[in-house]
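Below you'll find the structure, written out as C-alpha cells, and then a few comments.
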C-alpha cells in the first residue's frame, strides 16, 4: 500500500511539475480570490484584518476543488483511467498517493496565500506555530475529503458542478476550525485556538481512514 | 488444461445497454483468437469484460482461473489491454509511462529498457512526453507497456489501426511470441485480412454475441475445433 | 402484503395527524409567554426528530448494510434512497417551521445558532446525495456510489454539529435563545406533542414505504427496458431468438445476491 502510494504520488507530482497547472492556474486564482474579497470588503484595514483568516480558508477551500479536479482530469482519458485499474495498484495506495499529491499542491498554494494575507491585509501572527499546525491538519483533511469525492464524481458528465456541491458542505468544519484557529494565532489567544485543533485532527484522521477503506468500492463505480 | 477465457451466456451492461448479450467463448492458453464484426457488435466490450473492467452481470465468466463475477481485481493485474486510445499519461515520457506500469505491477525495472528497445522507442523518442508523440508512436509506447508486463492474456483492440507496415510486422511478431510463450491473445478487428493470418480461431460477433467460430490458418488441420479448451460456441 | 401495510400506515398517519392538528389548534390552551406561537411545538420537534434521527439514521444504516458484502442487496439501496428523500423533505420542513417560529420570537427569519446552521448543512449534504443519485448508471454502480457518498456524509454530521456548536458558543455567547427546551410542557400540551411525534413518525414510515415501492417499480421498468434492448440486440445477429436460460432480467440487475 505505501509503496503504491509513493508511486502514485510521484507520478502525479511529476505530471504537475511538467504541466504546472497548480502553479500557473490555481495559485493565481487563489490570490485573485483574496484580492476580490478585498474589493468586496473595502479598504478599511481593521475589517480586512478581522476577515483575513476566513478569507484565507475560503480561498484554500476553492483551491481544493480545483486541485482535486485536476488530479482526476489527468486520469480521465479513457485509456488512463483503465490503466490505473489494470496496473494492479492497491486502491488504498491510489487514494493515499493522490491525497498526498493534492496535499503537496495545497501546501504550495497556502504558502503564497499566507504571504498574500500578510502583504495585502496587513496580518501579523502572534503564534505562528499554531497557524502552521492548523494548516497541516486542515490540509490533510481537505486533501482526503477532496480525493474521496473526486473519485466519486470522476468520469461523470456532471463532475464539474457536482464536485463542489458534494465537497464544500463536507469540509465546512475545516473552514470553521481553520479560520478560528488562525484568528487565535493572529490575536495570540493560543489556548482557545489550540482547542480547534481537536476538530482539525480528528477530521483529517477520519477522512484518511475512510478513504483507505472506501476507495476500493469507489473505484469500481468508474 | 484450464481455459484462459471461459464465457458462457455472459451478459455485460455498459450503463443500461447490454453491450454483451450472452457471449459463449472459450480460449485456451497459447491460442490466438481473432474477433471480427461490424461496429457495435460488442468486440471492445468483450475485451473490456475479459480485462475485468466491464462487469459481467449474468452467465459464467472465468478468466485465468478467476471468477469475474466474484473478484475482478485479481484478474486485472494479469491481463494486458491495448485499447483504441493508448493508456498513457501525456505529460510523462514513453520511458516514464512504461516504468510506472512496471513498478505498479511490482516487476523489476530491468524490463523497461528491453521493452522500449523491442518496440523501437530509442533515443529522443524515449524522452519525449507521450502527448507529443504521433499516434503510431503512442501505440508503440502502449505496446511497450504490455511487453514489459508480459501478461498471461493479451487483449488487443484494433491493434493494427494507425500502424505502418514495419510496426505491423513488429506487432505480429509480438503476438506470435506471446502465444508461443503460453499466453492467450484476443485480437479484435473489422479488417479480417490483418488479423486472420495470425489466428488459431476466428470468432464473428454481432449484436453482442458470438455468432460463428471458424478455424484460423495457424491451427493445424488435425487438431479438432471442438477439442478441449479450444474456442467454440457452446 | 406491502400494499396493505402501506395503506394501513397511511390511514393511521392521516388519523393521528388530523388529531394532532385538532388538539394543537383548538383543544390546547395558548402558553403564557409565547401565546399561540407555542402551537408550533406540536409540529416542529416531531418533524425535526423524524428528519434528524429516523430518516438519516435509517439511511446511514442502509448504506452500511449495502456496502457490507454479506448483506449486500438492492433492498438496502432502495431503502436508503427512500429515507434520504423523505429526510430531505422533513429537514426542509424543520427549517421552515423553525424559521416561522423564529421570526416572531427573535425578530429575524434566521439566526446563526448551532442547531439551525448544522441542520442547514445537513440539508445541503443530502441534496448532494440526491444529485448524485440522479446521475444515470446501472443500479449496482449507482447503489455503490450513493452508499459511499452517504457514509462519507454521515461521518461528517457529528463533526459538523460539534464544530458549529463550538463556533457558536465561543462567539455568540448570550444571544442563544432556546425556549423550546426550557419551556415547561405539561398536561394536554404534553399529550399533544407526544401525539405529534407519533403522527410524524407514521407519516415518515408511510412516505418511505411509498417511495420504496416507487424505486422497485422504476427498477422493474429498467428490467423491462433491458429485456427489450436484449432482444433488439439479439435481432441484430439475424434473429436467433434463443435467449439462454440463465439470462433473466431480475438477476441481471443483481436483484438479490
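Just a few scattered comments:
By written order: A, B and C. Residues from 1 in each chain.
Going forward, a contact is a pair of C-beta atoms (placed from the backbone, for glycine too) under 8 Å apart; a residue touches a chain by one contact, two chains touch by 3 or more.
Remember, it's a predicted structure, so these values are computed and weren't measured experimentally.
Chain contact topology: the protein chains form a complete graph, every chain touching every other one. When every pair of chains is scored by its C-beta contact pairs, the maximum goes to A-C.
Each chain gets a centre from its C-alpha atoms; the one nearest the centre of all protein C-alpha atoms is A. Work out the mean CA point of chain A and of chain B, and you get 39 Å between them. Centre-to-centre spacing of chain A and chain C amounts to 31 Å, using the average Cα coordinate of each chain. Centres computed as Cα averages put chain B at a distance of 47 Å from chain C.
Annotation for chain B: residues 55 touch two or more other chains.
Multi-chain contact residues, meaning those touching two or more other chains, occur in chain A at positions 220.
Within chain C, residues 137 each touch two or more of the remaining chains. Note for the complex: chain B touches chain A at residues 48, 51, 53, 55, 72-73, 76-77, 79-81, 83-92, 96, 100-101, 103-106, 129, 142. Looking at the complex, you find that chain A touches chain B at residues 4, 7, 11, 14-15, 18-19, 74, 77-80, 82-83, 85-89, 216, 220. Against chain B, in their complex, chain C makes its touches with residues 136-138, 140, 222, 225-226, 229-230, 233-238, 240, 243-248, 251-254. Listed in rising order, the residues of chain C touching chain A in the complex are 67, 121, 124-125, 127-128, 131-132, 135, 137, 141, 144-145, 147-149, 151-153, 155-156, 159-160, 162-164, 166-167, 170. By the touch criterion stated above, chain A contacts chain C in their complex at residues 145, 148-149, 152-153, 156-158, 162, 165-166, 169-170, 172-173, 176-177, 180, 192, 195-196, 199, 202-203, 206-207, 210, 214, 217-218, 220-221.
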